[in-house]
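Heads up, there are several structures right after this.
In what follows, chain A forms one complex with chain B and a second complex with chain C.
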Partner chain A sequence: MTRAKYISLLGSYGVVLALLLLIVFGWARYDYFLGFFNITSVLRYNSMFALVALGMCFVIMTGGIDLSVGSTAALGSVVAALFSPQGAWIGLGAGVGAGLCVGLINATLVTRLKIMPFIATLAMMLAASGTALLLADNQSVSVSYDSGFTTIGQDNFLGFPIPAWIALGAYIVGWIVLNFTSTGRGVLAVGGNEDATRMMGLPVNRIKFLVYLASGGLAGLAGVILASQFGAGQPIEGVGWELFAIAAVVVGGTLLTGGVGSVGATLAGVLLLGILFNVLNFENGKGWISLSAYWQSVIRGLFLLIVVILQAKLSSRGNAVKDH
Partner chain B sequence: MTDTPQTAHTNKRFDAFEFLARYGTLIALLLLVLFNLAFTRNFATIQTLNVNLTQVCTIVIVAVGMTLVIATGGIDLSVGSLMAISGALAPMIFLGKIIPIDNIYLAVATAIIISIAVAGLFGLFNGWLISAFRIQPIVATLVLFIAGRGIAQVMTNGNLQTFRVPQFQFIGLGRIFGIPVQVILMVIIVLAAAWMLKRTVFGRQIIAIGGNERAAELSGIAVAKVKLLVYAISGLCAGIAGLVVIAINSSSDANQVGLGMELDAIAAVAVGGTLLSGGKATIIGTLIGAMTIQLVRYTLLANGVPDAAALVVKAGIIVLAVWIQQQGRAHA
Partner chain C sequence: MDTDILLSMTGIDKRFAGIPALSAASFTVARGEVHALIGQNGAGKSTLIKVLTGYHRRDAGEVTFDGKPFEVFSPQQAQASGISTIYQEINLVPYRSLTENICLGREQRRFGLLDWASMHREAEGLLQRFNIRVDVRRPLMEFNTATQQMVAIARAIGFSAKLVIMDEPTSSLDEREVGVLFNVIRQLKQEGVSVVFVSHKLDELYAVCDRVTIMRDGKTIRTARMDEIEKIDLVSSMLGRSIEKTEGHATAFTARDEKNIGKILLSADNLAVGQIVQDVSFNIRSGEIAGFAGLLGAGRTETARLVFGIDRVKKGAMTYGDKTFEPKRPADAIAAGMGFCTEDRKSEGIVPDMSVAENMMLALMPKLSKSGVIDEKAQREIVERFIKQLGIKCSGPDQKVRELSGGNQQKVLLGRWLAMNPRLLILDEPTRGIDVGAKGEIQSLIKSLADQGLAVLMISSELEEVIEGADRVFVLRDGISVAEFDRSAATEDALMGAMAHGNAPVIEKALT
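Entry: the complex of A and B
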């Protein structure tokens, strides 16, 4: 087994194990933790992050990064809200379309103009946010409640929130693409060694183009859910989403240098970070300790710190094993 | 024969791109000034100059540290959060919330020194993560980007701290010979950093690491130590900028101080002509880059374009600057 695979496996199992432990802890300690209401609200809220993290996971596997996802989601939510009076599907399509546009520009900047992903998507973060503010006239845009648009974010299907179904569907598609298609294998190959992949004759630029496009589309979809769930397109939402997504992807054991990654572990990473807050809220409710909301970001940061140090330790040990 | 004109043609292209890559931002800045002189009312006044300089100061101070970090091939996302920490800590000290100090001058001096030092220590922590664990800079500094603002918010419980302490606010509101103090501070920092980068061994080592880390290590440069110092300097710069911001505002809001500063600083560095992959850096370029971005925003706002549209324009400028820079490099 290669070093990269070894780390990734440990990472994936580690995050799933941590997730299970956290759930068992919550179940044992709080009365309503595994209650229907709590489960559905956690799923409903975190499905947006799950979608953004899925796109980010693919981008990172190619060795790139997409910093624009947060403001793309904001733009998607505004566009979806503006189109929501025309009907649920049109609102949905418009929001996703807006995200795809941002993704298209990102993809063009990265693959055609060869601008570093970091800086290209940073610029698009500003541009998407500016466009969202312009379209929304600097305020939140309320959605239409008559056209059925709010169904997407607020209703249930077979007892579970529709956003959770959407996210689940996206992850299944993502998993299939990564594991059973040539494009998926290409994604990991590009991240592992771009030059070698090009020499092997794989369409490197096309693969990279597709991942940025997908990341934009998924962020737009997250924006649609945002608008539908909270009843308004919100141009200033999404700040910091890109970093939450990166954190979730890293926690899921995907290496930021690319070439290694897992769709399932990313989902586990999102749930782990999401449930961590849920547990904190319950703990506050118990009254033993009282942690203000501000502690959440400190704890989130600490958590990320532990994960990256563990990842670094593991990868250097993997290195040592390989070297001898 | 047929080849000759083509070669001449491409040669000309080389020069144009190289020229643009080197002087493009400066030319853009000069064009902006000319444009404003012609079309913006009341542009050629001391007040306009002061408004623009005071607004750009904090960005430049942070961007100087960021330039050094980027020169080593790294990045520092935590600067905005570190500004919030130093901005939250200083008032707590000079208002006597931690330990009462009777002499106001002593209290202000203690506040300034301790809060900048704390920001520097957090920067050192970034450097430690990056050099000791070989964690990628973008992830390592992401930790404090997330946690740092939380720390500032927890320290102040998210409350706004307001104050009226002229002895402290001198750094944001005072003037020496009519020049705002923070502008003088900015000039000193820029000159010191430019000198250090060009004329000292440390500066040379920074560039060497960014150019080729492995080669730098093999040639005997203490890479880990240099990186530690660079991130610490970035932290110190952020700490100073945080103090200037709260001094101007007469208040410190941990939720707001330095928000989005990492992007402004990176944009200034990129537009200024420093290679984002490391190995080539210019502090004066960063200064010009920051001033160009500021002047673009000012020009748009002064001519009635909404702030949101200015964001889109800023994005275009960043992409254009980086693209021209890359073309210049590819053709050179």
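Entry: the complex of A and C
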């Protein structure tokens, strides 16, 4: 029993373990890996992905998917950049608002018109991307440097990047919502068995509506940080972000079919994939080998597969031992 | 208003696409009463329950619950008003903990957040009332069906239900678990909670119910106290004709020539698997039509599934031809020359968007293809032969099956198996949902197939069909083959008697 528990624990927290191992590896191999500069830049960059992955995590836990997050972030960055001369808060609000609009449309398509999430969000992925290009006139939109808008993405608070604080805050709220509110438990119930949840009298449509709305809003927020960090709204950024987010969520042990998932493990998944990228850059810097961006993608893909396979093996072994 | 009446439904009408599912049905449940609701498939039980719980809107009729007019539009509202339903397929969330399954929807909060500690305590407390002590933090899927069912009941009680509807709650429980469930039901009754108990196992009704309402063809046929109604009356009310007794023949089956019946082809001895099939023995000769009669849940379809290798036999043995027969998968049965037309044509039989020809060739495909390539010409010939032989009304082999009538779809299925040139054909409810004319055609077709030497195992819930069609009838009751009748002995009274009484009642053993 204790052994079984141990193995199944390893299955569910395997991502954390993998993350720790990777950090130890980097620390032992590269001089400046745990240097302050590297840590803050990894956090600053990956906080955008963390926000998108958080929304994705909730959507996937209901058994759905949101393919539009990347385009939504691009749209959010363009809108935020366009509004940034009016002030930092207005730019922020506009970017998040744009994301919420996309989320609102996704939510309506999925819950009211009963369109499959894959199709609905795929359509919105194209639509949001097109809108971003139209608004930006097919080029980057420079943000205002006078209104303080760039503070959001570029400055620090208590020594750490503001985007990292924003992401941390979002994850804490997400954790509380998932574990300590009825809506959060409802998210897992819907993903576990939608019909049963409806029969149990829970507001299934409202729950699904909220997760798509939240996913849109978080993607918009990621877009704000993108614009602020790079000084421009980027209509062509965000390509492939949805896949990164899905990968992070899945590595975190959340079932793609829904019903089982964890906010903390999703964060660990984001960090794992982000730090792996970082490690590959360091490896290139050492000069032993030179990996092109394409090879890096291949390696990340393989690494992702290995973690997922190990996790599936470990958790099924844990269950098998438990049965005896 | 009579305060002893908790629920009263009168004159309920419900039509689906113009076809009445309920017509002027009525149903009354007293406070603290355990009320059985029984009827054959399609009698309207589930529609009635779904109308009550807001799943369907009624077209006409009055419902009063707890002294007030009752109008709900969703299961949520019904639950909030005090009606909880425990469905046959347990409707809970397997990945989530027992606590969540019991408490979701009326969570306890502290400072606006969920108070897990008191929710766990509450879940434990509710389960302990049924003497179940388990770790409520574990996910539901780790527990057996009986416990899951108790969780569903605990949930209902947690919602302070005044009426708990149980839809075939015992179908997946063993004897001991049924005993526990019955104790829970008695406890609910003592606490003044009413229970509607849907079941096909007559002994159970007598063990736990106070009154019974029998439905047939969307109407309420009879309501009676359990201690005032005989089993045989229950059965005849459930099965009784909707039309007046037909003179002479009610089906297209005509007398058969004994000479066409040959040696024993398949014999099954003491088959058992789980609770549904406990001890079934029968045999069938080539050229013979053997009928399976019994109430819903008697284990007829499940026995057929064993023969066809869909489920694996736990106990018992079969011989086929002269050899022992142990099918591990349907392919084994097909290779041995068997075919199986399932009861549920839509989900298990036809592929609606494929053509008549494709549907007919599905099972034959492996035989007709040479290294993966299908022999089009051979296929064409076979399909055209069967369309003619079975009289399938279609525009041609390429018409989509979904465009055909129910009767013609059934013929396509028959054709699929006949194309295999089988020795034994299992037909599960071959004429269900087929209009009268086509029904007759299918019945004569079955007879002529048997005349050509095919052994037919026919499962039917229509008494006339087995009585007039089968050369021998086996009656199944609660998973046991209780009687066998020759054509001459298979009368309506004899069959209904066997369905009602059988021999050894199983349930009473469990309760004492």
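Following the convention adopted for this analysis, the second predicted complex is superposed on the first by the 294 of 324 C-alpha atoms of A that agree within 3 Å, B and C clash if a C-alpha of one lies under 4 Å from a C-alpha of the other, contacts with A are read in each partner's own complex, and residues count from 1 in each chain.
Here, a contact is a pair of C-beta atoms (placed from the backbone, for glycine too) under 8 Å apart; a residue touches a chain by one contact, two chains touch by 3 or more.
Just so it is clear, the structure is predicted and the values come from calculations on it, not from any experiment.
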_Quick check on the superposition: with chain A as the shared anchor, is it clash or fit for chain B versus chain C?_
fit
_Looking at A:T197 after the superposition, I want to know if it touches chain B, chain C, both of them or none. Which is it: first, second, both, neither?_
second
_I'd like to know which partner A:A189 touches here: chain B for first, chain C for second, both or neither._
second
_Once chain A of both complexes is superposed, is A:K313 in touch with chain B (first), chain C (second), both, or neither?_
first
*asked:* Is A:A94 touching anything from chain B or chain C once the two structures are fitted on A? First, second, both or neither.
replied: neither
*Of the two partner chains, chain B (first) and chain C (second), which one does A:V79 touch, if any: first, second, both, or neither?*
neither
*Of chain B and chain C, which one contacts the greater number of residues in chain A?*
B
_Which of chain B and chain C A:V250 touches, first, second, both or neither_ = first
*Enter the shortest inter-chain Cα distance between chain B and chain C once the structures share a common frame, rounded to whole Å.*
6
*Report, in rising order, the residues of chain A that make contact with chain B in one complex and with chain C in the other.*
none
*If you look only at chain A, which of its residues touch chain B in the complex?*
65, 109, 113-116, 118-120, 122-127, 129-134, 138, 240, 243, 246-247, 250, 256-257, 292-302, 304-305, 308-309, 311-313, 316
*Report the residues of chain C in contact with chain A in the complex, numbered from low to high.*
74-76, 79-80, 85, 87, 90-96, 100-101, 104-105, 107, 113-114, 116, 142, 155
_chain B - residues contacting chain A, complex_ = 75, 129, 133-136, 138-140, 142-151, 153-154, 157-158, 263, 266-267, 270, 276-277, 306-312, 314-316, 318-319, 322-323, 326
*asked:* Give the list of chain A residues in touch with chain C in this complex.
replied: 176, 179-182, 185-186, 188-189, 192-193, 195-203, 259-260, 322
